[in-house]
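Below, subunit A partners subunit B and then partners subunit C, in two separate complexes.
Let's turn to the complex of A and B:
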């Protein structure tokens, strides 16, 4: 049974990469550098996509965007692994 | 693909991405209202969306109404340089208020702005408003707007809302330039009322204040609104006529039997009835929409008359049918003209004329006793909406079938001659039914609504063109799939062929006035 949060992240990456066609995002794993592969619009797409999927999965709105989202130094979306960990935290924070 | 240019003070790319499935989308710089609206664009549509903060918060020193008027002025400047369609998204907002009174005041302010935006349709040609306010109410503010993303990224719409907004923008574009349906053909049982009148009886069918009757009652009220906006209603029902007549007589329903321009209550295939309605009204089948709860009937009509669109009435969710019907392509209207409001009555007067003609038997005597009077105007901007509407929907009596946007017609009114014609007779006022555009003494466009054909009106109308150009008048006929009936019209009106192209295009020069019916009165209209 795949981890639901990891599945959501990977599904949203696959969806936005249909248009972006970034090589490094074709077969992402935990170490894949996510933030640097996306332009700012794609980051926004990623956030909206994950928020929509989380709402579907957990039946409530879970905010994953914050003031650090777009900051290359402190963004929680640097890698797939850091993104999954951050989102997991947001889900358990309720 | 048509080009759409987004202009906004928000990040609208998630919406543009959705709309990009059907349009070639580009984005003006964020917040560049003045720069973009004072410039030129080669886009087919300009779409403007606002975060309502633009009106309420960002410029506290200026009144929100003033902001909108400022935008309106910019749009007028834009219109002078650009012909593209304009779509404005109206405003949606959630107000933090300390009490209900304050909250209601805030909404009144917002709705006044939305009303002023709507009024821009009268002042600026080819401008349509996308109703995002209504969309937000329907979807619920939490599903529609995300306050965190709004302030973090200037991107207030949720992903689902972005899809919905894109859908409403596409519908606004269709309202602006798409073809509107003319006839809505409705089934009776389980569509206009719940139940089967032949089995449940007149008192047993549902159309009242209780569920499910209330769903049918509301549906009928919506149909009445559609009728008042220019779509005529017809009924095709497999029933005994006496049962249906008794139902309309005895039950107080929003629609009365005479709200339908024509009815077919019999056991014939519905496609056959629809064809006969098209013949009776002299309208093309592609302007028909058929609504029925029975998938078999929808299929039968689809197979026999594929030009007719079908919409299945969902009897499991009758309350949802208003939204389904109102969103069906070609149902909503961009503007409603005076002619639209009285359309059903006009078709009924036409029916009376046909009856008189049948009684009279003699065409000449019939036309004479109609007491026809034609009124014409030159470059009358008050009639812009109706003139544009006719230019874009008339197929049969249309010598060149050139389509123009309202902005283009307005421009021609300033530089060329645009004549419009109203026809009245003893049975009623048919409204503006003819348009002629003359460019340098060449008739570029000549069209008449098919409702007034066969009465010698075209022969008299040409007199107005002769008044403008005299004997220098030239004309052309461009064949289309639908205008063969006017192939030899200019010959009949006294024009001589100068040139015939291999593709059938004919060019003419005016030669002599042929005999015409002088008893059809003709006068120039009032411009006040």
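Let's turn to the complex of A and C:
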């Protein structure tokens, strides 16, 4: 059974990329560079998409945006793997 | 600590006038050369549909505010001599000096006994203006006209494809007076360490206007901008809103000993869809109680975005019944504030669009 958080992240990336059409996001894996492939509007789309999916999955609002979201150096969304790990942490924190 | 409560002071009327020209996002797409994909994303993701700007470049903030104020005089059977103070919150005054509010005192035919001055604030301007007006009522004045607004389309460079499509022009007039039984609780904050994140660098005394101020220089994303135009560091402003706005709501409700369930409407500065959705989700508030459509339909109206949202989307409930409301503004400065208050069947007509000459013989 696929990890639900990883599935959410991959589904949201696929949805965003329908419009963005970034080659590197067509078949993403853990190492795929996420943040650098998205513009600022797409980062917001990603955050909104993941938060909405988490709310559906877990029945509560879980905020994944923080002060580092938009910072290229410290963003937790640098790669797909780092994004999944960060979101998993946020879900555990409640 | 800027937490202040007032009793028996309230709002009696809110009128907003936008610029007279509607610009659609499809027109912007043609102007800025957006491809079809980008246009689709702007419509879907940001909700952009149109914005209203002044049709004639000679129309100023004061013209929009005077039109709004005249409508209050017409509708509320208010004598001009009753107004004891006129405050104008704007970042686009008619002149660098004198205060535009003083010129408006004459244009509106108010008494020379009127206190009149400008307040230089943007997105938090409605809250700070309201607070200043409430202080003046508490000090003994009877009726105050608070005007808020900007011709924001003027401070974005026409070639700036990031900022220009966001900007809307609007001017609101708000009548404030003694009102028995109305309680208001304010929380207000400022943090000048972030002043460079939203700034017009040239034209003040720190960096006076020179020929270089008019040179359009592309930034790291290739977006051209002059030093007399507004610069916004988007990621930093996003971080700021994420950091302070949700916290401010908790702080306000705690200070006012109020529960979110008691609040009928949350009217926030209409900056970006994410922060509005974030607040709605955190507070578990239905979208019908927290309007989000102003920026997509009218553009970012800066200090007029809260009254603009009321006139655009809430004129019926605000006109017909007593409502408990939270207003919250946040942005340039950096500055942020919120108020929990009540409005009781105020005069709040649907939003108006500016028509030259209407109630404005000086335009």
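The rule is simple: the second predicted complex is superposed on the first by the 94 of 94 C-alpha atoms of A that agree within 3 Å, B and C clash if a C-alpha of one lies under 4 Å from a C-alpha of the other, contacts with A are read in each partner's own complex, and residues count from 1 in each chain.
Keep this in mind: contacts are C-beta pairs under 8 Å (C-beta built on N, C-alpha and C of every residue); 3 or more make two chains touch, one makes a residue touch a chain.
None of the values given here were measured: they were computed from a predicted structure.
**Q** Both complexes share subunit A, so when I overlay them there, do subunit B and subunit C fit or clash?
**A** clash
**Q** I'd like to know which partner A:61 touches here: subunit B for first, subunit C for second, both or neither.
**A** In the superposition, A:61 touches subunit B and subunit C alike.
**Q** Identify the partner contact of A:47: answer first if only subunit B is touched, second if only subunit C is, both if each is, neither if none is.
**A** In the superposition, A:47 contacts both subunit B and subunit C.
**Q** Just to be sure I read the superposition right, which of the two partners does A:21 touch: subunit B = first, subunit C = second, or both, or neither?
**A** second
**Q** Between subunit B (first) and subunit C (second), which, if any, makes contact with A:69: first, second, both or neither?
**A** both
**Q** Do any residues of subunit A touch both subunit B and subunit C, and if so, which are they?
**A** Shared contact residues on subunit A: 19, 41, 44-45, 47-48, 51, 61, 63, 65-67, 69-70.
**Q** Spell out the residues on subunit A that touch subunit C in their complex, using ranges where they run on.
**A** Residue positions touching the partner: 19-21, 40-41, 44-45, 47-48, 51, 55, 61, 63, 65-67, 69-71.
**Q** Please give the residue numbers of subunit A that touch subunit B in the complex, ascending.
**A** Where subunit A meets subunit B, its residues are 19, 41, 44-45, 47-49, 51-52, 61, 63, 65-67, 69-70.
**Q** Under the touch definition given earlier, write down the residues of subunit C that touch subunit A in their complex.
**A** Residues in contact with subunit A: 37, 40-42, 44-46, 234-236, 238-239, 242-243, 272-274, 277-278, 281-282, 284.
**Q** Residues of subunit B touching subunit A in their complex?
**A** 11, 13-14, 17, 142, 146, 148-149, 152-153, 155, 158-160, 162
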